[in-house]
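These notes are about the structure you will find just below.
Going in written order, the chains are labelled A, B, C and D, and every chain counts its residues from 1.
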Amino acid sequence: MAQAAATQHGEHEETTTGLNHRKLLMWAFLGSDCMFFGSLIATYVVYQGKSKVGPFPEDVFSIPVTSVSTFVLLMSSMSMVLAYAALTRGKMKAFRIWILSTAIMGMTFIGFQVFEFRDFANYEVHIDCAHLDVEKLTEFEKTFADQCADGVEEFEEQHGLTPRTNLFGTTFFTLTGFHGAHVTLGVIWLLSIAFHSFRGGVRPETNLDVDLAALYWHFVDVVWIVIFTVVYLFGVFPGI
Amino acid sequence: MTTLSIPVPSRPVHPTGVWGWITTIDHKRIGILYGVTAFIMFITGGLEALYMRAQLARPDQELVSPEVFNQLFTMHATTMIFLAIMPMGAAFFNYIIPLQIGARDVAFPRLNAFSYWTFLGGALILKLSWFFGGAPNAGWFGYAPITGIQYNPGHGIDFWAMSLQVLGIASLAAAFNFIVTIINMRAPGMSLMRMPLFTWMTLITSFLLVLAFPVITVALIELMFDRFFGMNFFVPAKGANPLLWQHLFWIFGHPEVYILILPAMGIVSEIIPTFSKKPLFGYPVVVLSGAVIGFMGWMVWSHHMFTVGLGPVANSVFALTTMAIAVPTGVKIFNWMGTMWGGSISFKTPMLFALGFIWLFIIGGLSGVMHSSAASDAQQQDTYFVVAHIHYVLFGGSIMALLAGTYYWFPKVTGRMMNETLGKINFWLVFISMNITFFPMHFIGLDGMPRRIYRYSSEYGWDFWNLVASIGAFALAFAILVFMINVIRSAMKGEKASADPWDGRTLEWSIPSPTPEYNFAQIPTVRGIDPFWAQKRERVPVAPVAGGSGEDDAHSIHLPQPSYWPFLASIGLFIGAYGLVYYQSIVGMTAGILGLALTIVSVYAWSFEPVNDPEEEH
Amino acid sequence: MAEDAHTHDNQPTQESHAEHTGHPTPMTYFKVAMILSIITAIEVAIFYVEDLGHGIIPILVVLSVAKFALVAMFYMHLRYDAKLFTGFFVGGLILALTIGIALLGLFRFFG
Amino acid sequence: MNSSRRRSTRLWAALLPILAIPLLAACYPDNPQSTFDAVGPVAKSQLNLFYWIFWAAVFVFVVVGGILMWITLRFRRKPGDPDPAQTHGNTPLEIGWTIAPALVLVVIAVPTVLTIFDNLNSPDPDALTIDVVGHQWWFEFRYPHPDGNGDAVVTANELHIPVGEVVNVNLDSKDVLHSFWIPKLAGKVDLVPGNENFMWIQADEPGEYLGQCAEFCGEAHALMKFRVVAESRSEFDAWLTAEAAPAQDPVDPLAQQGKALFEGGKAQCWSCHTVAGSSKSRGQTGPDLTHVWNRGHIAAGVIENNQRNLRQWIEDPQSIKQGTIMFRDAKIYSDPERKLTDADVAALVAYLQTLK
């Protein structure tokens, strides 16, 4: 519906507040979406540390990997804003480059998420009995430590994390999955704008269409800022 | 104009008859569609209630099985709240708001059409569950874990959840639309503090909707994921806490009850000044108290949960915040009384209903304050005392005000007056039978009758008042029948209405009855509250403004044109949501995917369709 | 208002307004991106400092709020745009935050 | 009925006689679940609070309603009336009627908060503590063993308590939400699976008090009842000792036949019900039947416990309580080959009558 409305200038361009209808709608929507993600995050947080069986966050999370994908998403916000700035200045080529790179970074982020989900689903407990240091094991791994008694050197057991496994899986996949869905929608939106611009449909005068997509994109980014901190970085502190 | 060349069927040009209604994006027609649909839903919800009252009229009756009874009370509440009162409010928003703020339409006319058709789809998903797969049976609150697949394997809950999701989309779309419309489309000079009270309450209601619905959306997503994919959000065996559902539900649910009552208060705040020939007493305070009620609606949700064991601190806090809401509510009532004080009160039917509203709302408000006391509420929670309370605020409050609004604005919509004699009969029948129905419920509640029981035995001593309540319910149904007769009769051969039959104060009375398609031939300029009254009494000219086309000739006003896409997008949502209920079957999954695809295609096509077709000649 | 007039008469009013109030340059955006990256790096670094224990939480909260605010103010232009937009967004944000904290309290301390 | 009510009635009687009479006369304290006949300290405090708020509400209603009535009568439009003065407000007045309701609210807020804190903590944490577990659609009660050996004494739907003593109650649920409510003894507290709740009750007078599940819990919610029997300490101790004993093996041949059926493959009663003393009957999903014949009622307080009713309950539980899990799960009702004959039912009833 976005660039759409480029053509839909409507009859009330002179609005009471001087603000554009669609931009006002977009901000009201973002305020509303805060409540959506707020509820999902609240669900995650109140259930944190309440799972009855593992694996738990500290078993599956890989902070370095997620840091990279977080960085990619942050940078995509920068390229988005640069695309918008280029458009308002009439630099169409720069605009196309930046908007495409935004979409590509968005897809990279989704790629990371797919990789991460698969990785979690294939999680294996790995106990190196030969060099067993119980202190360094996670709570979940400790429940396997006694299997070393039989004189096994090391062993692995498949304990994949799925949305059904425990409360952590349920809340984690739902929260990050909905964020991923938002990113996916954003990528489709950006690609349609890019496609449209190659056909001459995006002009500096219609930059509002890009502005709205950009607002949405940055919002998805700030939601991830919260998720990265609350879910990943706090994830290792059960019982906060 | 558009660079995209998808095969778009040529857009509807001046469609007539059914197609005219299906493709309409005129806020007035959409308002009528909302009103008529909501009233039909109100009747179905009423029949569900009558069936229950018949069952409870005598002890130990077996007219319905307990399972059907559970479906009846679930459907009755869900219907009345989501399919009757909310969309009746939306009917008034749609028809009246642009007229009150001096606009020719809403900000997003096609989104408006989409809201209506999506609402209709959601309503059908819910109501058709009676015929396909069984109605939901866990109450409108759907407390976990009884909604879980383990305790509720049928499709009833799926229909309920899907329907609420679709209705949520409709409500959100409508609320965004009205926020933008009210903020951005006011006539010149109409500052926020000159807006009519009904417009103000609509704005506050829209903000409540926009902020509250995402919460229930998330709760329902979690419930559906539990049911469809075996997740654990509300599965106690996996460590989940069923109270999470209650919290999320009431974080939505309490603002929701203000979504139901604030428009009613807005309507009453329009009617009382008109029929007292006085401006609303303390206008800024009434606006502010509405805003405070809306805001405080977020701070009280756990008063629905006083008996779940939140502990003394939480119970005390929520008891106090709940009591505090009585202050802005009381302020509104006092200001209505202040408006009438010294006025010249004419007891036409709309005013009678508005006064009935005040009386019943005082009673409902006072029983609400009784509930706020967490300690003594432990005896009242989940008894008929609560049933009495909610019906005093929802029937005595919302429905009385909506009836008042119907009598008040009927001439503007149809160009004919409603019959005054029938109207007065209608009012007294509703008022008396409403009290006969619901007042005894206070007694049986305090005598220990729990809610949601399909039968009771004589030894408990609840026979007499249950019988009285049942008789009242049938009398109430008769009263509503009188209302229907009056509406139909008046619409067909009622006395012709003038533009301003009540000596009104706000802008909608300055234009002809029935409203012309373009609303205002000239966009008015506003210089204060009650602009039309000022114009009439002080001879202040309403200066034409270069709004819209900037031309004074009504025939050259360009209105947004009809469109297929909102309707098709809604159809897609309906098919998609219906299919997803049966996602386990190939047919269901296919329908789900095809429906959602239709929605996506329609939205995409819609976004490339100009509001006004350049090819079209006017 | 002719139907085909849209190509020139709509958007720019607001943008030009923004220009006058010191619209940021691409350099500003780049600087913001650098700050965001640095904060993220600090967050991850702090995460590996084991001595901090639960003291990590307030630090991370402050850093994340800073990131959030930078994106909202500069990239989403709230700093330069109409206050009403900020009102809509921050209103939803604060409500979501308050309710989240209240829920946390109800479940952890009273539950 | 209790002194405080009479006191407050006297206090307000002079002021508000007209409204008080019809309102309160419509409620019957004699009814078995009436909240107006409080017999325990918790219910009494809640009733006193209710009266306090009720009279405050009546006061507000009379004042506000009186003024409203007066306004509508006084300011009716008469033909030829000129437009009234267009007054837009009066700030002192508006401030006044903002403060006035706030003051009324303080009057009810203070006792509310005090009562909340009063009722939440048990006055005697060491007193008898009973675990209540909700099931669809009956209540399980677990007492500490009189010998103090750690085993719980389990019974269902009939709660015996010593009169005049504090009884602590832990509340939990096995399946969905339920709510534990004995109107004459205390307001309700919900049974939430996974969230143990607490309340305390005390009966000041001996007698039988009716209770009922108050949170919607499914098909047979309306028929999920129970009784509280408050009796003297010695009667209670004797009862608990008897309940703690295992069931005696039946001597009557018909009852022996019934026991064999109960524990056999055809009826399979054992798979859901426990009979202490039997090695086979250890089921957990249905009520404990060790001393079922001692209870006054069966089917969660729905019908009296006698031979005829027991017989009907076993033959056709749906006719007594629609939705019962026994009808849903027991194969004797769904598998024609295992349908009980009249003789089977007679034998089972004879066996159950020995469980006392």
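Note that a residue touches a chain if its C-beta (ideal position, glycine included) is under 8 Å from a C-beta of that chain, and two chains touch if they have at least 3 such contacts.
On a predicted model such as this, the values are computed, not experimentally measured, just so you know.
*Asks:* Report the chain whose CA-based centre is farthest from the CA-based centre of chain C.
*Replies:* D
*Asks:* Determine the centre-to-centre distance between chain A and chain D, using the mean Cα coordinates as centres, and give it in whole Å.
*Replies:* Here chain A and chain D have centroids separated by 49 Å.
*Asks:* Quick one: report the Å distance separating chain A from chain C, using the average Cα coordinate of each chain.
*Replies:* 16
*Asks:* Counting only Cα atoms for the centres, state how far chain C is from chain D in Å.
*Replies:* Going by mean C-alpha positions, chain C sits 52 Å from chain D.
*Asks:* Compute the distance, rounded to whole Å, between the mean C-alpha positions of chain B and chain D.
*Replies:* 36
*Asks:* Listing for chain C: what residues touch at least two other chains?
*Replies:* As it turns out, chain C has residues touching two or more other chains at 1, 84, 91-92, 95, 99, 103, 107, 111.
*Asks:* Can you tell me which residues of chain A touch two or more of the remaining chains?
*Replies:* 7, 9, 11, 17, 19, 24, 28, 31-33, 35, 38-39, 46
*Asks:* At which residue positions does chain D touch at least two other chains?
*Replies:* Where chain D meets two or more other chains at a single residue, that happens at 195.
*Asks:* Going by the touch rule stated at the top, which chains touch which?
*Replies:* All chain pairs meeting the touch criterion are A-B, A-C, B-C, B-D.
*Asks:* Provide the residue numbers of chain A that touch chain B in the complex, in ascending order.
*Replies:* Within the complex, chain A contacts chain B at residues 1-5, 7-12, 14-17, 19, 21, 24-25, 28-29, 31-33, 35-36, 38-40, 43, 46-47, 50-52, 163-164, 166-167, 169-171, 174, 178, 196, 199-201.
*Asks:* In their shared complex, at which residues does chain B touch chain D?
*Replies:* Interface residues on the chain B side: 65-67, 70, 138-139, 143, 145-146, 151, 236, 239-243, 276-279, 281-285, 307-309, 311-312, 315-316, 319-320, 323-324, 326-327, 330-331, 333-335, 337-338, 340-347, 355, 358-359, 362-363, 366-367, 369-370, 372-383, 440, 443, 446-456, 459-462, 465, 537.
*Asks:* Please output the residues of chain B touching chain A within their complex, sorted ascending.
*Replies:* Where chain B meets chain A, its residues are 1-4, 103-104, 107-108, 172, 176-177, 179-180, 183-186, 190, 210-215, 217-219, 221-222, 225, 229-233, 238-241, 244, 248, 251, 547-549, 558, 560, 603-604, 606-612.
*Asks:* Can you tell me which positions in chain C touch chain B when the two form their complex?
*Replies:* Per the touch definition, chain C meets chain B at residues 1, 3-4, 84, 91-92, 95, 98-99, 103, 106-107, 110-111.
*Asks:* Any idea which chain A residues touch chain C in the complex?
*Replies:* Interface residues on the chain A side: 6-7, 9, 11, 13, 17-20, 23-24, 27-28, 30-35, 37-39, 41-42, 45-46, 63-64, 67, 70-71, 74-75, 77-78, 80-82, 85-86, 88, 203-208, 214-215, 218-219, 221-222, 225-226, 228-229, 233-234, 237, 240.
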